[in-house]
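Worksheet: one structure, shown below.
In order of appearance the chains are A, B, C and D, and numbering begins at 1 in each one.
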Amino acid sequence: MKRIYVHEEYCIGCRLCEIHCLVQHSRSKKILKAFKEEFPRAVSRVLVEEHGYLSFALQCRHCEEAPCLEACITGAMYRDKRTEAVLCNEEKCVGCWMCIMVCPFGVIKRDLESNKVGSKCDLCLGEEMPVCVQNCPNEALTFEERTET
Amino acid sequence: MNYTIIGNSAAAVGAIEAIRRYDRKGEIVVVSREPYSVYSRPLISHLLAGHIQENRIFYREKDFYKRNRIQTFLRREVKAIQARSNHLLLDDGERLGFEKLLIATGGCPMIPPVKGIDRRGVFTFTTWDDAKEIRRYVRENPVESAVVIGGGLIGLKAMEALMASGLRVTVTELMDRILSATFDKKASEMIERQLKARGVNLITENTVEEILGSHNGIEEVLLKDGRRLKCQVVIFGIGVFPNIGLVKDTPIRYNKGIRVNAHMETNISGIYAAGDVVEIPDILLDTVRPIAIWPNAYRQGWIAGCNMAGTPRRYEGSFAMNSIEICGIPTISVGMAEAPENGFEIIQEFDSKSGTYKKIILKDGVIVGALFIGEIDRAGIYTGLIRERIDVSGVKDILLREDFGFISLPREYRKHLVRGEGVFL
Amino acid sequence: MSHFYEKDMSGCGIIAIMNEKGVDISGERVMSAIASMRERTNGLGGGFAAYGIYPEYRDFYAFHIMFDTHQAKDETETFLKARCLMQDEEPIPTRPNRYITNPPLLWRYFLRPKDQYINGKSEADFMVSLVMHINANVVGAFVASSGKNMGVFKGVGYPEDIGDFFRLDEYKGYIWTAHGRFPTNSQGWWGGAHPFSLLDWTVVHNGEISSYGINKRYLEHFGYRCTLFTDTEVIAYLFDLLIRKHGLPLELAAKVLSAPFWDEIGRMEGSQRDFFTSLRIIYGSALVNGPFAVVVGHASGMVGLNDRIKLRPLVAARDGDMLYIASEDSAIREICPHPQKVWMPKAGEAVVGTLTPPSRKNIENGREGANPTSNGSDILIGKWGRRNGLRTLPAGISDRKGPG
Amino acid sequence: MAYALYPPEFRIERDRDRCIACQVCVRQCANDGHIYDSEDDSISSDESRCVGCHRCGTLCPTGAITIRETPMHFKANGNWTARALRDIYKQAETGGVLLTGMGCDRSYPIYFDRILLNASQVTNPSIDPLREPMELRTFLGSKPDRIELDPSVTGIRLRTNLAPQLVLETPILFSAMSYGSISYNACWALARAAKAEGTFYNTGEGGLHRDFYPYGENTIVQVASGRFGVHADYLHVAAAIEIKIGQGAKPGIGGHLPGEKVSDQISQTRMIPVGTDALSPAPHHDIYSIEDLRQLIFALKEATRYSKPVGVKIAAVHNVAPIASGIVRAGADMVAIDGLRGGTGAAPTTIRDNVGIPIELALAAVDSRLREEGIRHRASIIAAGGFRNSADVTKAIALGADAVYIGTGALVAMGCHLCQKCYTGKCNWGIATQDPYLTKRLNPNIAERRLGNLLRGWSLEIKEMLGGMGINAIESLRGNREHLRGVGMTEAELKILGIKSAGEAW
């Protein structure tokens, strides 16, 4: 499948990926509105980790055998047939946080308002490329189909 | 190829989805005692509490069987497994032949020897039917208060559900604290304080000895210490044990649960078992025991399914873990909650103001237990470290720091990032 | 002589005929051929070069000189007499022509250098230096030609009128080249007409040389002083340099002026590739760029050449010992209705006419090279001639062909 | 210093309506020009730290930031300009030499902007490079003034043995920029782009990191007065060698790489201890005369068995033509001339802005001089110093250059915004720095791509200009000043440039 790959040696820690992810998942999808008018503010589904000069953006890896899929007690977590992305059906989610317990990347966040899985990368379905990749100024994120496992 | 599956929950679904991944043609037969299309047992407390509607309890879409072309025998019970002749004997005498068999019969609620358990108003709490009956009973009878036997996960979920339906609830726990199996003392205290604050009547180091009442229902229970409690409903929420009734007097070997090899196959070739009914290696405790949790059930089912369909896969074993929210407090506990003896290192962090508590248990630089109360974000990272046995002695001091994350881990371990592959849990 | 500084931006007609056995041809024929291309000219210049016209003076340098004034004539004659033995001097015979008005003084001199003045230089170089001096320093004097047993007749007017004016019908030669001009920028100046000549090199040229600036500076490096009035002269000088001084065979010289493209060189095999790579690297500044069709004549032959993407027309034909090169097929058929062979030379492909028996050492090398059995690093003229014939032109060239 | 007597050079204007306090600017400014205040979740500025590199404004996702020159705070004065005053204040504070980076930014005449190119009309068809061959291939190295042939019975044998040549697919090379003055990634990108586009880059005096040996055949290695990183492998792996005498930005001045930039890798590459200042003396202390230079040239040729061209780079100074002539006669195969506007990683401002002459005049003078002396063919001329576009390149070639060096242009292609603070080592664009926080900002994949695009774009434009002039091979433009015309120049300038005034026909 087409995945987001992270090249930590080129991540400059600007966090533009987080900003644009937040905007993409806001109601208006407009940056100024998303930050200045929408409350609660949308949550970014990508997380930039920093340590010294090392940094990288981390978002759901859409694992081939995804622990969150196996652990989900409601079946809310599902794999999208077309993109093979792991997505969460918020209708079904009851917020048992099994997924948070098993995700080894720690990239699933709670949405405290709705007490549902709030922040889970959806590869920006609809966009031809996830916005974090689109907006990375240094190509530290790439969106590729790689054959090698 | 014919695949027959006894049971219709997580393990069964895991197996079905695995089989269909590798074998689109083979015939799949599911026999289940319950009448329902596959649903999620952990959701019954949400249902009873009225948090969700019935239509949301289903674990897979309505057309799950149809899409996977599965022949179902619902509301039918297997009476016997004829391992030698590869046949199942059903309650109505019908015999079903099978080529590959998966036993996924799950667990049964534990019911201690208590007098008067046959009275109206006494329930177990594991199936959708349990939830339905409790609900009806509460609606149709003058019920004001209930006693839940068992201060573990099931007992507390039942307690929450009953409170939500407006009852006064007493919880009796044999041990000196609730959740003694999954939490440490401090964590238990934190939850107990919350429960009491919400008016739950907690009675520890004590249990129900007899359920008293008349033919038209319970009036009160008699506790071990002689105390009496008025109540109209009693629920057994102690826990479950492997439902191995079927394999007794068959050649299939079992201990606490059915014994399986790494392919989830029993000692009889072609017969597999998965889910709460089996016992599997606990990679933390180096023992073999049942670990009755949902993620294990699904994965074991998946592994069994792969092997049944002829694609060898090994099950890596597992360890205890649980995520549960009690009184709105999210909690996650993975692996050991308390260090069994010395030689373990403990890192913890407690903030009474925000009511958060984090604790990591290390052995020889490797995490063997993690406990999170109140704040659970990114807890999975630690689960992963436990699973992969990563030596974290290098980053010990920052394990619980705000900025601890993937980046603090060895580059080799971060390869997941670039490779983007999944890891197995 | 500021009016001399012109770049010759002209569309023109050219014709060249030669008998490779050295048999004489009457001037009438070339005149009728050039006349047939009147459309290509505008009466601002016409001219002829003829070889073999002064057999009785074959050992003397025949200087055709134009003078604006008698003073220029005196100055020039004094200068020449001081340095040369003057075997003979006379006005160039003309007849009145109603279209030819106020011609300059036209004289010819048959000279041989006085030995003591040559000091070290080759005789040819010495004669060149005289030409350079007169053209550069004697106001109103211009040497139109300076070779042995040949001469250039040119002026302002239509070529056939110029030919009539100079009574060319009375001359016989084994090579004739002719040129009719269509200048876009020229005050009618007799010296500005083609052919341009140095020693026995003559050039008739249709085109414009975009590389003039560097060709000129390159030639200056070798002592050529391009005081001359048009870019056409650089072609004459380049041939003089490459063949007379550097000893290149005519065909190779043509490959310098109209060099093969790098991708073509890339397709050659080893020794050829090295050879032409070196040739281009060394003579890059001698590459003649821009559209041109040119015929260069000299005592022992002539060569017709196009620019490397053939932006000006050039046709060739053979009939027995006769070689014809012209801007238009019609001009050839005017005097040779049914040639044995007519062809359109490819861009950069030289059409070579050689007088047999040859009189020049370096031509020998070239021609004998036509033997296809070669070893290692030898360049076979014949061989690359054929290769050149196979040359595939880049797309889009063809629509640039045709009358320019 | 207690307080500064001059206002900050730049003003950071933050549009509050647009600022979303995302802190990208805070994280991107290596000079701490932006400060985040978590109390009221807002961002403020410390303008005294702004160097005008525009990193913040470029990355700001809402375009909330504008960097402006501070409006004149001094009383207007034609002589005592703000710049003059600011320099004095600075110097009065520090007592030191004022340093700067990149090339001269004073408004001396740029002759390229006063030279116009020719094109064909009617009499001479222009050539369409998209449809017909258009040759930019360029050979750098010494050439004989004639070919030598051996007649043989079977044909003609080539006797001439050509001196080693560099083959360029486009007449543009990347100037000397040392590993140390620029980052590893920047060097890597230059090397990769040079290889991909069939041209060359130049190590400067920083030695050659062994990682870059695979790009050797596209590498020109420099031998400079400090002799940093010069050893047998260094010479052997390269395609050509350049002796650096001078640099346009600082003629007569040595180099100085501050110790803090001498990291472990750099110390290994330059062969000096970690943390020590790398000082290149002003002169080579084994070259006090032209004959000394000749010795070094031939020492290097001997060392490499005459297998590669050896060039000499000098700054364009008043006497440049005779000096170049001497260099050619001393045996150099290439002469690089670096003009007044040539760049640098660090130079005293006053030297950069007041010493040397513009490349256009120097180039024309050198080309003419070598032709007058009949030795133009013996060496190739590489012009350097402030080439901004393909037209500059085309004009330089018509003036007589064989090829041009681009340094600043290449850096700008990689992202440089000419803030001229290279010497601080805090390049926010990750180019002129060794700070790992900053160097990773230059992704060599992107940089290589952008450099390649620049070369291809310019090459295409050069072809268009050639085609317009009716020329289809670059050698027909080289030194062909007939295609140049001058506007707004004095007779003297036209004479030195060797070009006619606009309006004069051929």
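A few notes on this one:
Everything that follows uses one rule, which is that contacts are C-beta pairs under 8 Å (C-beta built on N, C-alpha and C of every residue); 3 or more make two chains touch, one makes a residue touch a chain.
Predicted model, so just to flag it, every value in this text is computed and none were measured.
Of the two chain pairs examined here, C-D and A-D, it is C-D that is joined by more C-beta pairs in contact.
A separation of 70 Å divides the Cα centre of subunit B from that of subunit D. Spacing of subunit A relative to subunit D, judged by their CA centroids, is 44 angstrom.
In whole angstrom, the spacing between the mean C-alpha positions of subunit A and subunit B is 29.
Across the assembly, subunit D contributes no residue that touches 2 or more other chains.
Under the contact rule defined at the top, the touching pairs of chains are A-B, A-D, C-D.
The touching residues of subunit C, counted against subunit D in their complex, run 5-7, 9-11, 184-185, 207-208, 210-214, 216-218, 220-222, 231, 245-249, 252, 259, 261-263, 271, 274-275, 278-285, 287-291, 308-309, 311, 362, 365-366, 368-369, 371, 373-375, 377-381, 383, 394-397, 400. The touching residues of subunit D, counted against subunit C in their complex, run 120, 122-125, 127-128, 131-133, 135, 137, 139, 143-147, 149, 151-158, 160, 162, 165, 371, 374, 376-377, 398, 469-473, 475-483, 505-506.
Residues of subunit A that touch subunit B in their complex: 3-8, 47, 49-51, 54-56, 58, 61-67, 70-71, 73-75, 91-92, 94-106, 108-110, 146, 149. Across the interface of their complex, subunit D is touched by residues 9-16, 19-20, 31-32, 35-36, 53, 135, 137-140 of subunit A. Taken in their complex, subunit D has these residues touching subunit A: 17-18, 20-24, 27-28, 59, 61-62, 430, 435-437, 440-441, 443, 445-446.
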